Amino acid sequence: PPRSRWPLDKMEYKRYGRQLIMPEVGLQGQLRLKKTSVLIVGVGGLGCPSAAYLVGAGVGTVGLVDGDTVEESNLHRQILHSTARVGMTKVESAMVALNSLNPNVKLVPHAARLTPDTALSIFKDYDIVLDCTDSPASRYLISDTCVLLGKPLVSASALRTDGQLMVLNNPPLPPGDAAGGPCYRCVFPKPPPPESVVSCGDGGILGPVVGTMGVLQALEAIKVITRGVHSSVRGPAEAPSLLIFSAYATQMFRTIRLRTRKPKCAACSAQATVTPEALNSGSLDYVQFCGTINPVDAL
Amino acid sequence: PPRSRWPLDKMEYKRYGRQLIMPEVGLQGQLRLKKTSVLIVGVGGLGCPSAAYLVGAGVGTVGLVDGDTVEESNLHRQILHSTARVGMTKVESAMVALNSLNPNVKLVPHAARLTPDTALSIFKDYDIVLDCTDSPASRYLISDTCVLLGKPLVSASALRTDGQLMVLNNPPLPPGDAAGGPCYRCVFPKPPPPESVVSCGDGGILGPVVGTMGVLQALEAIKVITRGVHSSVRGPAEAPSLLIFSAYATQMFRTIRLRTRKPKCAACSAQATVTPEALNSGSLDYVQFCGTINPVDAL
Amino acid sequence: MADQKDAETIPITVEFSGGLEMLFANERKLSLSLPTKDKEGNHVNVAYLIDYLCEKEMKDPRRDLFVLDGSVRPGILVLINEADWELEGEDKYELQKGDNILFVSTLHGG
Amino acid sequence: MADQKDAETIPITVEFSGGLEMLFANERKLSLSLPTKDKEGNHVNVAYLIDYLCEKEMKDPRRDLFVLDGSVRPGILVLINEADWELEGEDKYELQKGDNILFVSTLHGG
């Protein structure tokens, strides 16, 4: 068909008009959203709201990774799922809701738990990754994979009444380039002792706490995308920071300045030992690296 | 039926288990949520996420007030609606989504724009109100009605890349009682000049910005409810504050200390001129009070 | 000594939120050095600052979107070091070194 | 004079987030007055503070949820005046009056 003189459809101007007219997005930002593919790892309390707002905003492609099925105990916070879809895979259930919100977004299902031998092949087709998972092992695996493939990573977590959010590997420069953004290992070189790790199942979680963090992940992703993920002309990335949320504190949100890349980081420095070969060979055992939990002693 | 020895159903322990086990909620908090009725005025960018998380959390009754129908330009941020439901009333559309998330919550439709002569009769059946509307006139009307009826009010707003959130009239003591929380008129005694008021249609709005504010409204409502809206034994209410959100600022969130009740407030002081009679008689013309917008000069 | 005292200035930070930054060339944050005294020799206060912003910093000709009847227009909150200015004496508050003054326009969208 | 100097203390604020408050009797915020010098006569630093918290403030017997191998355990970020302590010299940072030290445990839930 002949190329239209309008870069977007009439329908798209209508649907995205409220964000298109803002200077922070504009026509260029909307076109960047449209040609970007986002991978959301984990379709639970964080992944549900972040997927909803990214699909609403008109990202071109959204991939969803999760190996779980919907349970009734998820529904107080995992707002894309529904009572009727209890038992369905979370990926399938989310696709039903997302497709009805915006059928113009291409959704790609990856209905299995992320593992070291699948991570590289799944991630390589996406431009930016959201870590919406719930274990230290998956957080290291996702960060390492993003560093190896040069993808920015929006990482969030939540437990009880607290939440945390970071944009990592932004800009996503090759390992060894000190101008790249820090990775998860720069901030946390060693995993926490397993007895200090608490899951939402054990510790509990307030729905709007994890919801807020998920929506903010979508926001950070939209900011990175509309500025141009890979554009060399984009402005300097924001200084790396950690947003801390405590729902019951007088000051609910705090922004903390983070370090830059760690000169001896195992993943993103010139001395990195995390390599595609190491990942593919299975020599990086993330579960063993992070240990196993003894729930009795858990904090 | 004989009264069960368990205060909640087995299904409820399962569905709400992740929040029940937290000391901030607990069994008492869950029972308070269950017997509380929440009114959400406005089922748009703020009302959709706040309704989703309140219904998810198991509030007993949720009332929805809105006179609009779903448009395609809503869908980038109004995540309860769907492409197939364009043209349906927002109240009906939201009820479809909310009912499929949690069929245990009673939903009450009020599918008309809020007006001074309907406000008192609608609000009186609810325990707490969320202002999710988009005009100065409705914000004064909602606040006045909450003061007259003694209901706490969670008020939020958003435009472009900014958002604001306040918990007003908390504790909801009678007009003239200086220990009550400030109302909207205490903070903003006079309406802004109409030419300074910009709507989301004119100024634009980023989906996750309004989404974040809506989720935080649900959080504040849950905090108020689980502490006991009307309980005399509840701890002191938090000091009144305004949360300011700027998505593109280095420090995205700031918490500002607000004033207490204004000694000469037209609504909540001993000298109040806002009375049920004045409201019912139509002598309070909110639209005229706030003036009309000349979009050409709008900021 | 007297001369030196007169030459002293008060460094403060002024911030804008809720759209007001558009009236100030889209700057969200200004670092200003104000004189310690006004023309009458009084310690400078927030009223002085509001005048100063209108005269020296505001780029937009629409003054009435910022001031009205001698003070900030209705719908703008003034916050002195993260607290509503009503808690600090409103426009009579005397500026101190390092003060942060934030002007926030209320939003109405939803 | 010497005595007076020795008696001086450094007032600081210590905060806990991400669940660490549970180790400190659910207090999110402590106001402490530390001596200016440690036993060896050196200016007190963050390493001293971590010891102090373990000895004097921690109510939970599970020390290893806070310290391990002589420093905070992996998975705890230490923030000095809202900045990662790596930017300030880590546990060698010498405490100043009014400093805010925040200990944050990473969260993993989602």
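Letters A, B, C and D mark the chains in the order given here, with residues in each chain numbered from 1 onward.
We adopt the following convention: contacts are C-beta pairs under 8 Å (C-beta built on N, C-alpha and C of every residue); 3 or more make two chains touch, one makes a residue touch a chain.
For each chain, UniProt lists the protein as follows: C, D = Ubiquitin-related modifier 1.
Nothing here was measured: the structure is a model prediction, and the numbers come from that model.
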Joint neighbours of chain B and chain A, given as chain labels: none
Chain whose Cα centroid lies at the greatest distance from that of chain A: C
CA centroid of chain C to CA centroid of chain D, Å: 38
Distance between chain centroids, defined by C-alpha means - chain B, chain D (Å): 40
Chain B and chain C, separation of their C-alpha mean positions in angstrom: 32
Contacts with two or more other chains, residues of chain C listed in rising order: none
Residues within chain A bordering two or more other chains: 160, 200, 203, 205, 255
Chains grouped in pairs wherever the two touch, ordered by label: A-B, A-D, B-C
Residues of chain B touching chain A in the complex: 11, 14-22, 24-25, 49, 52-53, 56-58, 72-73, 75-77, 79, 81-84, 100-103, 160-161, 200-201, 203-209, 211-212, 215-216, 218-219, 222-223, 238-239, 241, 243, 247-248, 250-253, 255
Chain D residues touching chain A - in the complex, by the definition given at the top: 17-19, 22-23, 28, 62, 64-65, 68, 73-77, 79, 82-84, 86-87, 102, 104-110
Sites on chain B touched by chain C in the complex: 42, 44-47, 131-136, 139, 156-160, 162-164, 187-193, 195-200, 203, 205, 210, 242, 244, 246, 249, 254-259, 262, 297, 299
